[in-house]
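Please find one structure pasted underneath; my questions will follow.
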C-alpha cells in the first residue's frame, strides 16, 4: 500500500523537477541571447621593467626543464606592441545580485610546469572550483596565503609527480591571494578571487568579459605590480562594450 | 595526594566488572592494562614504520587505502612528503613514549615490583589507576591527531622550535597537530609522574620483613632507579610542553624569535629563544633514553640469572653501575646539540661525561659476560632474548663512541648512523628486554606457559632481521645519508636507494615475524598448557605466590618473610641448586653482600 | 558544640609497641606480615610519598626557572614591570595560613599521640587555614586583573608571560592543597583522619608557602 | 641451539665488520684544510670500537656455546678474578680509551671552532629558508647591505629583504642560488636563518652547523680541491626538508671571478 504511494509521489516529484529545470534552461537561453560582453586591451606605457632571471639550480629537474630558455620572473609580462599579460579584469560596480551570484561552469586550471605556474595569474569566481595540476617530475607544494580577514582558509599541500589534481575553491572574494611553492621558493603566482564575470589578458594584452547582461558598470583592471585601474562602461544587448587600459611603467 | 586509607580500604577484591578490569586499583590489572596499551601502540607504530620503509624503498608506490590515515596526505594513494614526516613523527613518539617507556617500566614494573618487594599492593592505588588512564588518554589524544585538520605534526619526536611553535604556516600539522602532540605528551608526563611516585614509595616503604634494599632483585632496583629518573625528567618535559602549547594558543613567544619570515610573511612573534626548547627537551630526552633501557638491564639480569643457575658475579656492582648510568645521564644531554649552535666549549664539556658513561655500561656488559662464564646456561625463549639484548646493547653501544665526540658528530649528526645507533641500543634492545620479560613472566601473569618452539622461531627471525635492518643504517650514515628524508634528492645519495630497498624488505619480514609472537601470546593466553607455580625454578618473591596469577592481595593474606639475597643458585650444601628468598633454610651465602 | 577526635585506637598503641628493627628491611612491617595490621601501619608511605611528590613539583618549577633565565638572557625585548603590590599582602596571607595549619596540626597530633586527652574544636584551625588559602587564590586573581588592567596580558611580553605561567602554576598547586585540606577536615569530622594524612597535608601546604616566597623573590628580581 | 646462537652471532659480527674494513661505504673524500684530524679521529675510533665490538660479541658467543650444556651437580665456576677484575678492566681499557678519544677529539674540535677566521677570509653570507639556501656576495664594495625582514619577498626574488633603492651597500650585493668559492681561499661563512631551524652540511668539506633562528652564527673553512659538491639541510625544517639543497662549486680564482661576473649580470 505504502509502496504504491511512494511510486506515485516519486513520479509527481520527477515531473515537477523536470518541468522546473526545463523552464530554467529556457529562460537562461533567453538571457544568453540578450547578454553583451566587455572587450578591450591593456597596454603598458614606458619601458617594461627588467625581469630578473630565475636560478633554478637547486633542483636539477627544473634546470633541465629550462635547458634552452632562461626562466624569468613574471611580475610584469609585456607582449607584442606593449600588451600587458596576466591582467585580471572584473566588474567592480553595477553588477546585479543575480549576475554576481552566477557561477561560470568552467573549471580554471592552475598548472605547475617547468617549476613555474601557468597561468601565473589565475582569476576565479568566489565559490568556483579550480584544479591544481602538476606536469613536473618533481614534487611541489602549493601554499596559498590568503588574508585571514577575508574568511578564506590558507592551505599547504604537496603534490608528488603524477598525483591527481587538487580540486579547491575560494569561498570569499579576495584580490589577490599569493600562491607559493616552498620547495621551489621562486615559484610564485596569484589567485584573483572575484564575484561575477571576469577575464584575464592574453600575451597581446587583449581580453573579453563574456555573459554581461545589459547595463552600466565599472570595470577594474588589476595588475600584481602596477596596481588597479577602473573604467565606466555601458553594455547594450548584443553589442560588446569597449574598455582599454594603459598602465604606466614604474 | 597522600591519603592511603582508600588504598587499603579498597583491599577487598572488587566484584563489578568495571572495578575489576577497567578502573581497577589492583597493581596487577594496571600492569596488564599498561602491557595492553604498549601492545596496541607497538603494533600501530610498527605498521607506521612499514609504510615509511615502503615509501623509502619505492617513493612513488601507490599503497591502497593510504588516504585513510591522512585526510589529504595521499593523493592517488601516493605518499606525500608531509605524510611521510607525519608518519615518522608519530612512529617516534608512539614508540618512545607509549612502548619503550610503558612496557618495560610501567607494565612489568606495576605488575611485579610490589610482588617482588613482598607488598600486597602499591601504597597509592588511586594514583596508580589514574596514572594508567591519564597515559591512555594521552595515547588517544596523540592518535586523534591523525583524524583532525591536516593531520598530525611533522616536526619529529623532538619537535624542535620554532618549526613546532609557528603554527600552520610552518607546514601541514604544525597547527592543531602540534597542540595535540604537546597535550598528549603533557598527559603522558603526568601519568608517569604518578606512576614513579608509587614505584619509589613502594620500594622504600612497602618492603616486607627481611627485604633489605640489598635483597631487592635487580629488576626492582632497575625500576626504582628508572622511576627516580622519570620523576625528574618528566617533571621537566611537562612544563616545556605547556609553554609550547601557550606559544600556539595564547600567542606567547617562549620559543619563537623575532623577525621570522615564513612563506613571505613576517611572523608576529618576538624575542623567543629557540635553543631553550632544545635544552628543556634534551634535559628530559637523554634520561628518557635510559628510562627506556635501564628496566631492560633489570629484566635481562632477572631473566638471565635463573637460566644461568647462578647469581651475577656481583649484585652490588650491577646496582652501582645502573645508579652511575642514571646520574651521568643528566650530564650528557648536550651531546644531542653539538652542532646545533650551542657554545662549542660546552660541546667539549658535554662530550667527556658522554664518553665516561660508557664505563658503567661496559661494566654491566662485562658482569653479564663474566657471569655467563662457568654458568649452567639454559636455552629457552626468555634466555635467548636476554642474550639477544646483550648482543644488541653491545652493537648499539659501540657506535656511542662515535656520537660522543663532537668532532665526529660533524660527520655523523642527523645521519642514519644516529638512527641505527639509537634503534639498536635503545629501541630494539628494549624490545628484546620486553620479549624476554614476557616469555619469562607470562606463566606468572596468566597461569599458562607460552609455546617455547614458537618463541625460539620468533627470536631467530627477530634477531637476524634486526641486524639486517639496522647494521646497514650505520654504513649509510657514514656515507652521509641524512635522516628524516622522505626521498633521497641529493645526487650523492642516489647510490643508497638500492640499500634502502633491501632494508625495506628486511624490515617487512622482521615485522611479519612479530605476528608469530602475537599469535603465541594470544593462543597461549587461552590455550597454553597450565603453568606450574615456579616453572623456572627461580628464587624471587613472585614465584612464591600461592597461585598463578597471584591472588588479589598477592600472597593470600600472609605477607612473606625474606631470609636470603634474591639470587641464591648453585649453593653448595643446600637441598636443591637454588634457595627461594622465602625459605628459612640456613645457607652459607658466598655472595658479595657478606 | 565541641566535637572530639576518636581516642587512640588499640592499634595505635600496638604500633608504638612493635620493636623497630630499623628501616631498610621493612622493620615497621608487622611480624609475620598480617595484613589486617598493615592498614594501620601504612603511614610511612604517605610521608615518603609526599616528599617524592614535592620533589617532582620542585623539579617542574626549577625547569621553568631555568627557562625564565635562558629566555631573559636571549631576549632583546624584555619589558620590566613592577609586581602588583597586592602580591605582598597575599604572601602574608599564605604564610599566616601555614601558621594556623601548624597550630591545628600540633593540637590534633598531640591528642592522637595520647599526650592530650581532649581537643576543643579540633577542626577550627583547619577551617581558618582553608579560608586563608581561598583568600590567597582570590588575591592572586586580583593581581592578574590589575596586570591586565595595565594592558599586560599573557602574550604581551616575555616577562608578563612568565609572570602568568609561574603564578597560575603555583595557584593550581595551592588549589590542590585546598582539596587536600578539605579532605582532611572531612575525615577529621568523620573521626577517621590518620596522623600521616594530616602531616602530609601540612607538609604540602608549608611547601606551597615556601615555593611562593621563592617565586616572589624570583619574579621580583627578574621581572 | 646454543651452538647455533654462538655461530650466528659470530657470523653476524664478522659480516658487520666486513663493509667497514673494506670501506664499502665510507665518509666522502675530504676536501677541507681542517678535515684531516677528523678523519684520523674517525678511523681511530672505528678501530677501537670495532675491536670492542668483535671481542665482546665473539666472547658472548663462545661463552654461550661453552656453558650451555647442563652438567648435573657440577658446581658453578666463577670468572677468574671475579667482578673486581672486570671492573678494573673496564676502567683501565675503556676508561683510558675514552679519555684518549675525548682528548684527541677535543683537539680536532678546537682546531675548527676555537680558531677565529683570518683577516683576509672571504665573507659569504648564506641564508636558509623553507626550503632552499640563498647566498650573498658583498660585491665590489666588500660590504653587505642591511636586510629588512619585512621586505623579504621570494616572489620578487628579494630573498634577503634588500632595499637597493635606499641602501647604497645593497646595490652591488650579488644574490645567488648556488655557492661558488675559490679554491685554497679561506671562506668566512655568515649563517642566517630566515624562518625555522636548518643546517648547513657539506660532507666533503667536513662542515656541519645548524642555523639557529634569531642567532646568526659563522663558520670558516678552506676548500682544497676544485669540484662540484652538494650542500644539504640536516635539520628537519618541514615538508620540503628532503629537497633542501644547493650546489657548491669550488673553482680556480679565475673561474670564480667569471662566475661572479655572470651572476652579477643576472641581478
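Going by the order they are written in, the chains are A, B, C and D; count residues from 1 in each one.
Heads up, the rule we're going with is that contacts are C-beta pairs under 8 Å (C-beta built on N, C-alpha and C of every residue); 3 or more make two chains touch, one makes a residue touch a chain.
Computed from a predicted structure; not experimentally measured.
**Q** So which chain is the furthest away from chain C, centre to centre on CA atoms?
**A** A
**Q** Most contacts: which chain pair?
**A** Highest contact count among chain pairs: B-D.
**Q** Starting from the mean Cα coordinates of chain A and chain B, work out the distance between those two points in Å.
**A** Once rounded, the distance between the two centres reads 54 Å.
**Q** With chain centres defined as C-alpha means, what is the inter-centre distance between chain A and chain C in Å?
**A** Roughly 66 Å, centre to centre.
**Q** Using the average of all C-alpha atoms in each chain as its centre, how far is it in Å between chain A and chain D?
**A** 47
**Q** What is the distance, in whole Å, between the centres of chain B and chain C, each centre taken as the mean of its C-alpha atoms?
**A** Distance between chain centres: 33 Å.
**Q** For chain D, what residues touch not just one other chain but two or more?
**A** In chain D, 129-130, 154-155, 214-215, 238-240, 243, 245 touch at least two other chains.
**Q** Where in chain C do residues touch two or more other chains at once?
**A** Where chain C meets two or more other chains at a single residue, that happens at 74.
**Q** Provide the list of chain B residues touching at least two other chains, using ranges where the numbers run on.
**A** Expected reply: 80-82, 171-172, 257-258, 263-264, 272-273, 275, 487, 489, 491.
**Q** Pairwise, which chains touch?
**A** Touching chain pairs, listed by label, are A-B, A-D, B-C, B-D.
**Q** Please give the residue numbers of chain B that touch chain A in the complex, ascending.
**A** Residues 59-60, 72, 75-76, 78-82, 150, 168-169, 171-172, 263-265, 487, 489, 491 of chain B touch chain A in their complex.
**Q** Which of the residues in chain D end up touching chain B in this complex?
**A** For this pair, the touching residues of chain D are 1-2, 5, 8-9, 12, 16, 19-20, 24-28, 37-38, 41-42, 45-46, 48-50, 52-53, 56-57, 59-60, 63-64, 67-68, 70-71, 74-79, 82-84, 86-87, 89-91, 93-95, 98-99, 101-102, 105-106, 108-110, 112-114, 129-130, 149-150, 152-155, 161, 194-197, 199, 201, 203, 206-215, 217, 230, 232-243, 245.
**Q** Which residues, counting only chain B, touch chain D once they are in their complex?
**A** 80-82, 85, 154-156, 160-163, 166, 170-172, 174, 257-264, 266-267, 272-275, 308-310, 312-314, 317, 339-341, 344, 347-348, 351-352, 355-356, 358-359, 362-363, 365-367, 369-379, 384, 387, 390-391, 394-395, 398-399, 401-402, 404-411, 413-415, 456, 460, 463-464, 467, 471, 475-476, 478-480, 482-492, 569-570, 572, 592
**Q** Please give the residue numbers of chain D that touch chain A in the complex, ascending.
**A** 129-133, 154-157, 159, 176-178, 238-240, 243, 245-247, 266-267
**Q** In the complex, go through chain B and note every residue touching chain C.
**A** 1-5, 7-9, 11, 118, 120, 123-124, 193, 196-197, 200-202, 204-213, 215, 231-232, 235-236, 238-240, 242-243, 246, 250-254, 257-258, 270-273, 275-276, 279-280, 283, 553, 555, 557-561
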